[in-house]
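Read through the structure below, which is laid out as structure tokens, and then see the notes.
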């Protein structure tokens, strides 16, 4: 991974058995399906990979299987998400030991801090590993927005190798892209917003980390290749189609947040025959009944069923 | 204005004299400059038009001059922004009497409400006027996000003619564009985010309402024409240039919010010779000293000075 | 009103007829009922007095009737709530002309600003009137918290005469009370949180502005007199009783925000025979059906029916 | 701990050596000082006990020493704070093994959820342990407010034994106290807001968890005893004194959040000779220079130096 990370790098959804063990067979099926579709990397233990629902033992199991199954076919990124520096460093040590190709870390959370704490945090992570480090900008979860100027400075200083942007702030992302370019493009910029990947490419993104690519990896790969070919009409047409598919997260009732979002991803993967079960980690209930029917309908309209 | 509103419709910045009267000469210069650059409409009394800083008498003066100066060359939209329904209806009555072509209204604010109140609000406005009504989605000011499904339903019911989106939520905007299209495109969708207009066009926007077009109207008009011609590379290149210019709102120190944003617009317009003064409405201080120098530098780099 | 404002000063709820005119007879009944119960002042056109739902003409009508009915028996405060300085100054001029004894103003809202704008705002109001000015700290509506140090400084400088605290932040209120005392108590400190008035008195409040006192003025007057007598057990017992009564705002379904809060106040006043109707200003629906029954039940349990 | 928890239960600040090991000698000094002052319990690994900065090994070390030093003189509560259910259950298992008397858990955080997830979470914790469970309501850290009705229901169902309220919402706390009493007082209600403990006692709190009690345990014990004796004037006078002392968290410059709050506690404990060092966990900088002088000044004014 000396080269800059580019392309489609799905955040891999974690399949569970009904009794909430890791479902290795489904995991393997899903990973292979994405690699065969042509993705450029895989990101395990992201927010939608249920990292914060997983014990350390489960995290180790997930990464172990991920590295084994991926088998070097594409780079493996690992989320090392935890509240504060010392805990994150432990996750990094484990990920490094298990052979991943890069780690993804958020700003510190739970305890209140400011920009100074964020900067010290990432610099401390850098001292703890040689692996590429990607900053994960996800204010909806950590309640802090990573400042553009800090990110670019950390890129120039060799602390960060890239940014996974799930900030929902396309204005800030544009300024980040411009500032990064001016600084010699030290950062690989990846967007996590699956329904506006086309806008992010237009703004200068180096790639995408779309959760929905677990469901339709081929769509995002086609979109990336159209972008590489400069065919913007194909990029946006594919995006419109994928945005329609994203309605699986909106057609259910009762569920909210992770339960509605990742819940719909798991349901769709089960309906597509990729996952054995759509079980969710405690304390989240899995979708069932009419909600499964509603998701099935969207999949059918998208031609996936 | 029976046809759907499309293209570049700048929200017009309001020039003040040093003693805070309306500077009619500067206003005329700025309006003519934008019309001559080829804009497709003008939006007066928007957030950046200092609507909430203006007394009713000042609002009347601004609209009177706006209609007189514009003289039918392009459609005139008027912000009718106030806290709750009855007050907004009074502003609509005035705007209608003064001859504007459409009005722009936000969700109710200050008092807390929910979706039911928002829906009753817009329906009550519809009963009060025959003018086209545009919903102004600006949660940073009113602290409510207009729901996609409500907007489309109000479009289908003939209550709303369009949406000016300043929500900062490109994911929601994409879903709005898709839902509007499915419903037969009753709404004209306009983006207010000047640095990501290209992404909004890609998502299906019918036009833009960029504050920065007060400074560089020709840039946004060129971008719109490139979009109409399907030349996406030109659209994005123009956008990158304009995003660089938007740094006038970021290079100052001390000012925040309206004072930093509209403050920079007024300073730039003064430096460009369009405005006589960069005076701000109370309680906001105008930019001066080093801040003016910093803005001048950005204008110079953009080739505008 | 040269003396410091102290005691119970209810924010007066505004009765409407079914067709949304000011119901003067009900207004008179309610005002007289509160004065006869022994309140120490009346605050018209507060948030619960539907100030932001009222046109300027309606505001003038309310204040005119308020001054006429009150007839000097207690001081009259008037809310002068609007978005920014110049608009607030117009409301102050009207209130002054109509003969009120003091005005209540919030931080600027809608447009974004910072502490500098808040300070300039209140200083500009001070230059516009000789009347006592009370700062209304209500972040849930204006989305800015007034800083303790600024309030005390403005008190010492003669800009502010007091603070009506509806911030929901009892920690900050305690620090305000301590800092005000150290500064020689320039500010009259009034709490707007009707269910924790006892805690505010303990913290050093000079009085209260409880919306619920429209329903049970005698309770809040008894509580104040117990506080003056140093009988804390009576203060808290009365508070617990009043907090139970406040459940009228919680036992309904469907309504939210202003519609649930002031909606319940109006419903209770109608059920008590003080108001003719519980009509609400557009765009808010009035409570009816089962919701009225639920409120009646709470009133009965409290011995008010 | 079959009896209900009552009184003063400080959240114990964790002393570090300069190289960030646990400073056991300082820890012992501080714990003994608080027990000798008469506190009714000790809460380890709370937010101010740097739980989210501590690795699992460090958490184990802290609890091991805490149980050893406390030696049964007062009950020991342990924070088991982590993102989601399965991780929290692991912390509970460790705490139970180490011999604590109760555990304190927040709502799930990082991943987005709703009331259903919160309820399932606490019920799952209840199935995992026989220990008393206290819900920690701290929206500033977890960005969810625990609903009153849910807390009381979980109390009635034997899921929760109490609530540590750090919500900053005294109105909600009053409703919680009333609802708990009506339900037969299943919950022990403890306030975490050190400057308004008097108001919480008035509202019906069973005790307090004041971080500032690390600095002045005797003050909070005196206050509790005055409350037990019904001497409200003494309760509030002590509170005013303690609120003045709390200014140690406000007189510094540069630090924010945890660094300003717990940073000031550690600095004060060092200045009082209780802690060897005021070292902070990464990524937080310790206070020094003028900031230490400012804190010393407050301590001197409070008569503690």
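Order of writing sets the chain letters: A, B, C and D. Residues in each chain are counted from 1.
What we mean here is this: a contact is a pair of C-beta atoms (placed from the backbone, for glycine too) under 8 Å apart; a residue touches a chain by one contact, two chains touch by 3 or more.
It should be emphasised that the depicted structure is a prediction, and the values quoted were computed from it without experimental measurement.
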| item | value |
| --- | --- |
| Chain separated most widely from chain B, comparing mean CA positions | D |
| Pair exhibiting more inter-chain C-beta contacts, A-B or A-D | A-D |
| Centroid spacing, where centroids are CA-atom means, of chain A and chain C in whole angstrom | 49 |
| Averaged-CA centre spacing for the pair chain D and chain A, given as whole angstrom | 35 |
| Residues of chain C touching at least two other chains | none |
| Chain contact topology (line, ring, star, complete or other) | ring |
| In contact (per the touch rule at the top): chain pairs | A-B, A-D, B-C, C-D |
| Touching residues (chain side chain C, partner chain D) in the complex | 168-171, 174-175, 178, 193, 195-196, 198-200, 202-204, 230, 232-233, 235-236, 239-240, 243-244, 250 |
| Contact footprint of chain A on chain D as seen in their complex | 47, 50, 52-56, 58, 81-87, 90, 108-114, 116-121, 124, 140-143, 256-259, 281-285 |
